[in-house]
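What follows is a structure written as structure tokens; I'll ask about it next.
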């Protein structure tokens, strides 16, 4: 596990010009349960696998509404995600108060990234342990962004983050060129299919472990969970896979994180 | 006991993207004496094993009233639990003062979780060493939450934390589906039965080492101790187990913690 | 003496979920000279072994009056004890000033415990190295509390802390059930007898090395020392033990602490 | 990877009179994707290779407009670059507000360098991990500067920074003497040809992975991307190289940095 | 010289419940030159061995007047002693200003001890390296106190601190019972005789290396040095010891301390 | 490279009474390119070797005007030199504002030295990595000072600092006795000849790599560069050395420093 | 060079009750060039060896006037000496302003010592690396004090500090008894003779490397240098030693210090 002596804080450069603590923080994003984001010319949406620590519990929220035109899906430390979500909500509220209108998505993402950068250049704190997929709709149309603990962000047509997200990205790369013109329900179907790629063996999509959030057209940010997501789940269910409902993985050791099921 | 070099403070990421100090703090919750929480459609309640450091002492309080509609059961460092209880009381008082009404349970839990998160991202402090089961009743009905040192929280139908709590969870998983419609006294009985599962050999439930707090219906948060809990204890006593009263475990080495008996 | 690498400050959790510095601080209480506390339905009292560093010196004070209805006996670092005593006096004075009446004992103990907790969650300070037996009398009757460096406190019927206090506790456990109805002088006698159990060989109770403080009934907190304690000493003296007066132990190495004689 | 014991913070001198952390920070600039800058008597321009972390994403912005007469190209940590860009924009806005005119390029560069120096002489922060090529046009004509993490800056006729930039510098050294009188389009062609030298095998210039920014003459700072850069790309394309479009390198391990493709 | 890993700062407890830095600071008191304190029912006095670093220098002051009714003798770091003396003088002046009367000796000693305690519970400072013998006379009669770096203090009938002080204490223990009624000059003689016990071989009391301070009866604090102490020196001189005047020890290595001659 | 354990910060003394970090900082001055200073009774001047990191760049400024009567030449970290130059300019401006006249050279040098001393006695910062030759002319005539990272300064008749400066000093020691009466152009010639001594093999003085600044008589501080220095260069050129123009050394590894060519 | 683990900062006591950093700081005083101080009943004077880093430089100032009745000679770090000299001047100015008269010498010395003590009890700073000989004349006559980095000070009749000062002290011890009545010029001669004892072989007193400062009688503090000291130099020159003028030692490695020649 040992690598070298330059990796215990984020204000020390390695001789190779790297800041290992930033890289380590980005590992945690790869370990959260998967989140899928994609957008057409009219809609942007995120889909996530939800986990619950036990059969007795409700499912962990992984999609948050930020403002009526912006929502996020998270992967990584849940408590850190809440801090960023709170910050984003405040920024949107302030923007509405001052300018009497919705905040531009790209501008909000930039501010989150700048806030994240701070944690990478000061002693006494640490980089946030969470990656976000941000979807929003403003006068420039729908957008999908990814933010990282390093303070970097990218705009995407479609993206998957979290555990086993590579399989989801592969799905998306195969299909994203057709997304631009698709209607909302087909986009949701694609998101669920991409999400299914990230499932481990013995797990299945279900109305309880999947949540989808979309925004675009005339719709404010809308969350599909439980009953509202069921029809879409049914639609993507392969005939021979009506088998066991997704058994939520018991949290072990890393309970502070939404581990990929 | 040694694991690696990235585990001495909570602002250092391990190369695998973990913050070990947060995980270590969560260990202490597993070592406090057990606490059980469950709820029906109308009531939410917590039940705890109380300990006393000696025959000469009173029993350690593990259930605290926060407001007349909210109570908590704790597992872990007692002194840390008091800090959080004090914080929660102040928040409820402030809420009543400002809004002239009770605080919503979920909102209070969120604030406790955010406060806990702070301790995981700053140098010079440490994560709180206590887990809480929060029960409350508001206009959305009764609720049961668990909060963790990591700043994470979950809503549960029923939950057990603390030493040997796995046995309690097993009991709850077997029965929780019937809780929704049960009257209060049957819920208490279930809580005591679940609590009994967490007892070590040679220990028995008694009116002195058990406390139950409930809220819901027309009842404000109410604590059952000593005489008031006796009838319920008697009800769950197996005929052949009228044996030795629970011998309180003498505190050894970890006296700062409510060790599981 | 070495245990592990997680024990050099009180904001680092060990992998087993313990904070070793808190536990180490509690060791110092076990090394101070013994203090006995007990209460009846009407009185609460503390008795301590006093030490003097040399024949030339006066005896070290171990019982402090806090307010006219509250007193404490200490075991551990004397200088730390003074800090807490000063804090308690100020709180009582402030309470009298604001509410024009005596502070409730339990409330004061809670504040001391909360103050102690602070020292266990911040870098740059250390846990207090002293344990207190607090006796007081308020509208709810007489009380006996023990506070610990960890920020924990318990209410007791009778308790012994400090060096060789286990022998004192054994005595108390044998007799405490009869304390409730006893008159003051019998309570004092029991305290002295319990204290005698904690003596090492070659030491004897005397009017110089014993102090007793009591409160209750119509009595404000009263300290019995020297001549005033002599009758009680005489009363518990075994006929065949009129031997050498208690030879005060010379302080060696740990002069900052009231070592048990 | 180990060198010596004097390289873990930027306030420690090595016995040889060096501050290794500053040198390490300069390594990161060499690892970003290449950026070319050059100027004639009338124009100054920068050209960069853009990367995208995946086929699904947009390309990472590497050229930023600072004011209408100043622009920068960056190599190194993108998040750090944004911090400096933000600072530069603020300085320009303030200058316009106070003096009602554009800021002199050299003065702005000096301020950036001074700000960078701060990070090399204080504990608790770190040197910025980014190098800038700054182009601007003011009453003294067009300028090209390079700033470094060390707080040093130089004025150049032409310069290449980032991965494999040595090849670009070699090209520039061969041709820079003729730049002074060249028209804008020939300057752009030279920049693209220099940029092509820095490409790894299997990569090719394309309208998506190249961006050019220029300023000078009557032109404010202007960015050529996508369609607007296409004609210039076509012009430098060798007949036999109409082969594969530049495959963007997948980010691996150092995603916080614009790695050279 | 090595003992363990818990002894490098005063906010770390050893597993045995000790704070080694406090104990180490108390070592320095044992290394200063000796100081003797004693009191009768009417007078309190201190006597010290003075040192000079060389024949060329004046003698180091070791007795300081604090107020007209209080004086101190010091053993340990001279510079630290000055800090405490200054503090004590200020407290006395303030007391006189506020209450228009002299400060009680015991109260001043308590404040010095509390100030010393602070240095044992905070990081970033260190315990004072000096022990004081405080003599004073107030409405409760004459007093002699010893304060320690740990923040502890004791009242004494007679006491010796510093190098070879054990021999002085032995003398005092033999004679202190007769001190109560003695006139001032006999007390001084006793102090000198006790001081002589602490001398190393080849050193002798002389009017230059001895100073005595007394207070009591109608006398304000009075310092006897040089000529004024000579008669008392002569009185205690043994007939056969009119030999070499005390050769002051040259300071070696620990010049910051008043080393015992 | 290892020396001992007392050399990692400037607030730790070595057992031999040295502060190694200060000494290390002085090493960097020896590695900058050479600077020569000398003065007559009427003029003071500095001459420096300028470097450029590449053929494409302008030459690094090493002489700065501070006020119209003061200038400096630097050797060491360029960014640190700028910080001191800025400080000196501010002091001169403030002096002119307050006293309506030029600042005395010696006074300014003293302030720079005091500012440098601060960096050697505080944790959290580091000594400046630059040495200055300060020339100025005030009512007391022309002056030449050297300041060092240690906070020390000296007045000189003539001095050389930086790489290979020993050869320059040897030249100056041979000729300085005649400087007092020389006219300005002969002084410049001497400076260039001394500077030539510091050149490595294969390098030659040229109008591009040399700069001279002088002040004195009626002249304000004047900088000779490029064309203005050419005549003096020609004058000192040996007939057989009209060979290759000084090839500027490429910066390698220590680009933050003006390395000696 | 290694001694133990308790010597890296001045707030850590060694088990033997020593603070090694203070002792290390005192080493630097022994390494500065020698300074001699002595006084008669009417005059106090200091004499120092001055050094110059090179033949080209002026001599380093080692005697500073503080006020017209006080002067100091320093040995150790020159930059630290300036800080203390500045402090002393300010104190004298303030005293004159407030009390309209000169400050008493002993009081000023005390303040310097208290300021020095601060550096020995706080983290984040270091003890000053300089020893002072302070001479002054006030209504109590002439005085000579030595202050040390430890915060200690002594009054002397005559004293030598710095390199090879032991030889100077030996001279002084032989003659100091006659100083009281001597006229000024004989005192200066004694000082120079004592100073000559501290010279290494091959060095000789000269008007350039010696400076003398005196105060007393009607004289304000007066500095003898260069021509004014020449007659006294000539007076003490041995007939056979008219040889080489003192060759100033080139500074090597410890240029921050006035090394003993």
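In order of appearance the chains are A, B, C, D, E, F and G, and numbering begins at 1 in each one.
Here is the rule we use: a contact is a pair of C-beta atoms (placed from the backbone, for glycine too) under 8 Å apart; a residue touches a chain by one contact, two chains touch by 3 or more.
No experiment lies behind these values; they were computed from the predicted model shown.
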Rounded Å distance between chain A and chain G, as computed from the means of their C-alpha atoms: 71
Per-residue multi-chain contacts in chain G, two or more chains: 26, 123-124
Chain contact topology (line, ring, star, complete or other): ring
Traversal of the chain ring from chain B via chain C: B, C, E, G, F, D, A
Complex interface listing, chain F residues touching chain D: 1-3, 7-9, 20-21, 24-31, 52-58, 60, 77-80, 82-83, 86, 123-129, 253-256
Residues on chain G engaged by chain E in the complex (per definition of touch): 4-6, 10-19, 22-23, 26, 110, 113-114, 116-117, 120-124, 146, 148, 150-152, 154-159, 169, 172-173, 176
